[in-house]
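Both complexes shown next keep chain A, but they swap its partner, so chain B is in the first and chain C is in the second.
Let's look at the complex of A and B:
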């Protein structure tokens, strides 16, 4: 805020507002969280063998890094090209079933990759061959939800009046997009693009299933070297390359201080289809139908597989899952999944909100930089490296945390952190300083200002962020599967275990668990959508 | 801010120190032992009750990852293990674990009943064999009957034009059955022949996928996934599993095993170095190799018990292949050559 008053910068930064002071103190929480649960374990692993010269000269490693980079770039562009129109349909229009369609877009994001792949195969019998094209398509399909969430949230809060005014003045759709929509959305598109690139660069499960053995990516190679071959030198080299590359991209795409004018004082009302032009109505309807179809297909596939045992259709897998078989304890797995997701969501939202708060309100560049580092570090560091680091760092008595139940939600929270802090920060920046100034002029204490202005305006984005964190936790089956586990398995773990055994009943039960997981995810999204929507009657 | 950071760290350290428990020096009987195992370690519920009743020690099973990940974690934490006993290191991974000094020796009370060939793989009773299984090519009986094609009879057959585009295997770099199958081809064709065999497999349109799940449940036509490849690398015990987990019950498995392609895997359990209770841990290894526990294995883990006094259930004797002369390889040879073999495999198979 200080820098918006050009020329007075030096004077204004000297007087710290209560928010800036708070930001400076609150930084300690995310810094400690990331320090203890990412930096320390990662450094412990990397110290086991890193050799810069070898990294640069090894041709195999170089080509892995190169392939990983370009497939991530293509995947990101594809995701944006698909995701922006989807966000337009779903956030600028009001129609029957909008919420459901929006919730559906999140399903592939949370379902384990293998399950989505298997489900697709059920409905599309020819099956996709492995290679770069299926990998890119899968990445776009999985990450559209990120674009819809981040760009959509911004789009939703842009008043329609601007667009209408431009139209009244004679601007066509292209001009309107270029002069009204694009400037407003640019920052959120860049932020979403940065996140998608990061997820596609550090791709693991998708790449293992779809890229094929001749096209390894960085994270799968780190896994292979570190876990299977015991070659920590090559694993560390790749991990460091990943840190540098993804770090650069995230630094470029991280939101700066403040974008554009804050004008979201009144939430935009989406266009009701009845009032729209014929062309627009047709376009939106068609778009919604296509989106729904594409995202419903895997769900139908899952349901079909859960009902098919051998050649016959039967409810026996469902009956068994709720009965007393030893192969799947469905109720226990649901409880374990929900408990883990809840704890993970609470941790992520607390840490993520603090990161966002510091990024938005700190006046010192260093403080803001550390906050951004907290957000970026957990994702640029290879999950395999952190996973192994948990084993190596948390082994001595005062911190012998291996096998503790809370490591699982903590590892999920680490993965979800940037998604959450970016969602919250984007909205936090939209809150006009004038409102706070007005409140404090009227005698409100800083805490009162925060609770009545910031907190109430952030209710919705925090709700959205909580959903995202919980969803990431529900579906996470990456390096956290390296963690040793006692007690009940989650749904995701049960799916992985059941699919790993021969036998029709076990396979059908895996899909029972997958259907339950998808249903859990859908109802969570719908519930939070309802709770956080401003206009509930 | 710096002050706040220091206070925060101090607070964290004091909390965690307070939580730390001190261990007693001499070995008393623990209340509970921790058994580390791979994710698919699913014996019958309550199987450890008999052990607890006899010794007063509870058993907590801790899982995390597949066999390869399990061993990798044990190697990284050698000397400061996550548990007392480890179940599931096999002959393809054994030498790596032994080289990292992961285990302490223990001679099982049932040592004399355990399969001698399996026991002979380990010197000084560093590990106790607990089960054996064979990785073999499985075939979809219905597909071959329908097409009027005779199923392959040997590894060499797989490179024949009759079987072009029919086989799906796992990547040996990431999959344990995949590695076993690669070792089978090396044992069969020798140092001079296996690479050219893989080149002809490649020319015969072999499909290589990431892991067992994808190969068996997606690509293989004989399983629930209804893929389009009728030949897959799986286990000798997959046919009885298909019978046990069928609904409605079937009397004949839909799949068969090409016995001459089988590679023998032996799984071991061992006492982890650094366990506070090596004596009690040894008792647990005794129990794991006892007839009471071993009899549970065929129909829960679908492996052959290492204890030869155990009688196999009928569905197992009827449908599991028991190759008379499975291919096999010395664990030390595997460890010595694994990296080079995998690199050569990449060059000839991809």
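Let's look at the complex of A and C:
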């Protein structure tokens, strides 16, 4: 019977020796990269931090870590509470505009966190612009996409039949959720929660604009100590706390990630709204409208705010940004952002592809382990800590690299590496070993097998990964704000600088830069989406 | 005259613009086993789903033991359903799958265990309670699905191609078993299948789906030629 073969043929476990051999040799490149640009700076930072273990008992640092932890916990719970119903609306139903609404939920995720924070600030009532509440709301808004992706994927693959079977056995909607849906989703919810907690714990761009001066989080404090106060020891002590706590969270929740991911099967058919009950139809329609509105309004707010100087609406902030006597050289900042993103994307994709290749094809456990470490270490070390580590590690010969232009794209590559290597590895694993076997039985040499099978099947995923890396770089603010220098200021750096300065026109210009950056990110995504989907048709 | 166990009265179901069931009527006496025959895509599954309430009917009536099911949610209908691909819950073992409905009905644990044991022996799988459902063969999974649906002794039992996916010999052997088990349970039973031999072995009475609806009959016979 045909149904018994469904789902087979996607696992690559068979060993192709030339691939394994290549994997062992290629490992040296990512290992060197992560060693020099992540491990070494992190260790330098850690050593500084340990000098001052006493400072950790310092009341100010302790309360910062405590606040960072609990705001992340509340943000995570809020994100799940909002995200799970959104995932239900978007993955269990088919309705006109579903794809658009789904794409909208991804918008905050592809936008720089700094821009999202600013966008949020424009739509909040003036008394509520900074503090815990706006920070938590913005975190939920940013990370709903994570829940929709991870939990939604699992939900989509859950056959509707289980729900129907439970109903015929007497289970009402609540009981069905508890006994059928929840057990299926639990692992993915834990995985999504862990990831969201990590993002919220290492929050930086959002916190810079929303948390307010009386509520500093770990990352903004590291920045303040290192850049504004010049207290590297306090910065390092916080960085240590950051690395340790994120490491713990990751260790607890990572098994769930793997478990959840291994479940991907054929998607169940979503419910067509036309055939649903009236109550469900009304609920889903209302849900979709609310989701769309919530995701569009802050963006509109951002654009409107860039047109306001003081209390007047004017184009002057925009006009000034293109002028010559101004504190924002928009064209220069755009050029710097794009150039940095290009270099960072190339570095990330080269290193990330190698990491993925080794993970998928190495036969030795040690080799695979090192490759996995190359992917995990940059997750544990947050962007601000990467920046701090660069400052501390690369200032003495033979590695006196202070002020080198390429440090910035390299730091972005470190930040983007895990995302990129994971994306590429997932696609590499999808290539059936038998395709390669077929090619070799037809006379293709190992190199030929790689170029004719792997390389051509990976072209699109690698294209997507390049975009991802460029997006991360365009919006990167954590490492950038520690490495910023005059001369090659990117858009995010410009926003950070302008926000910190008084004056209505400068504030408005920060929003001009934010609108331009948002437009840049969105058009990049739209362009790639068009190119990649256009190929299929 | 006694109230029928299951009555389908001029039921219409349409998905958007396409009519799937047109004026379908069918009547089963209490405890009767009826098989409905029809090719795939003829709306057999839809008929069963309409009876359980998993599909909304546009017009017509479904009655279980004389009670109109209009507005009654699926989980309150007392209609058992054996799904085409069994739909055994992957996170529960065999015993917990069979006992699921009893747990929902808050049956005391001792009673539940006794009933699960009884049903597993009835379907020929004694001592299989702790098995992972993923390890069951096709025939075993079909038996567990049947046991699960019968556990709460539903007044009406529906079976959607219960033996599809099994190989030939096993299928007819299982058909006899199925009849014996259903008879023992006493539920009014409607089974849909595309296989006339299977239908004959399971049911007291066999009808063709096309014969249940005047308009459908006319349409299909003119299409068929």
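By definition in this document, the second predicted complex is superposed on the first by the 280 of 537 C-alpha atoms of A that agree within 3 Å, B and C clash if a C-alpha of one lies under 4 Å from a C-alpha of the other, contacts with A are read in each partner's own complex, and residues count from 1 in each chain.
One rule holds in what follows: a residue touches a chain if its C-beta (ideal position, glycine included) is under 8 Å from a C-beta of that chain, and two chains touch if they have at least 3 such contacts.
In this text the structure is predicted, and so the values were computed from the model without any measurement.
S.K.: Who does A:338 touch here: chain B (first), chain C (second), both, or neither?
M.R.: neither
S.K.: Return first, second, both or neither, reflecting whether A:170 touches chain B, chain C, both chains, or no partner chain.
M.R.: A:170 contacts chain C only, not chain B.
S.K.: Looking at the overlay, does A:296 come into contact with chain B only (first), chain C only (second), both, or neither?
M.R.: A:296 sits against neither chain B nor chain C.
S.K.: Output check: A:497 vs chain B and chain C. Expected answer is one of first, second, both, neither. What do you get?
M.R.: A:497 contacts chain B only, not chain C.
S.K.: Is the number of chain A residues in contact higher for chain B or for chain C?
M.R.: Between chain B and chain C, the winner on chain A residue contacts is B.
S.K.: Touching A:74 in the superposition: chain B (first), chain C (second), both, neither?
M.R.: Neither chain B nor chain C is touched by A:74.
S.K.: Have a look at where A:183 lands relative to chain B and chain C in the superposition and call it first, second, both or neither.
M.R.: second
S.K.: Does the superposition put A:214 against chain B (first), chain C (second), both, or neither?
M.R.: It touches chain B, and chain C stays clear.
S.K.: With the two complexes superposed on chain A, say which partner A:100 touches: chain B (first), chain C (second), both, or neither.
M.R.: neither
S.K.: Residue numbers of chain B touching chain A in their complex, please.
M.R.: 1, 4-5, 8-9, 12-13, 16-17, 19-20, 34, 36, 39-40, 42, 44-45, 60-66, 68-69, 72-73, 75-77, 80, 82, 96, 171, 173-174, 208-214, 216-218, 223-225, 227-228, 234-235, 238, 241-242, 244-248, 250, 302, 338-339, 342, 350
S.K.: Give the list of chain A residues in touch with chain B in this complex.
M.R.: For this pair, the touching residues of chain A are 24-25, 27-29, 31-32, 36, 114, 117-118, 121, 127, 130, 208-209, 212-214, 220, 224, 226-231, 305, 308-310, 312, 314, 316-317, 326-327, 367, 388, 391-392, 395-400, 402-403, 481-486, 493, 496-497, 499-508.
S.K.: If we count contacts the way the header does, which residues on chain C are in touch with chain A in the complex?
M.R.: Of all residues in chain C, those touching chain A are 15-16, 49, 52-56, 73-81, 83, 85, 87, 89-91, 100-101, 104-105, 148-149, 151-152, 165.
S.K.: Hey, which residues of chain A end up touching chain C in the complex?
M.R.: By the definition above, chain A touches chain C via 1, 3, 159, 161-162, 164-172, 175-176, 179-180, 183-184, 272, 274-275, 277.
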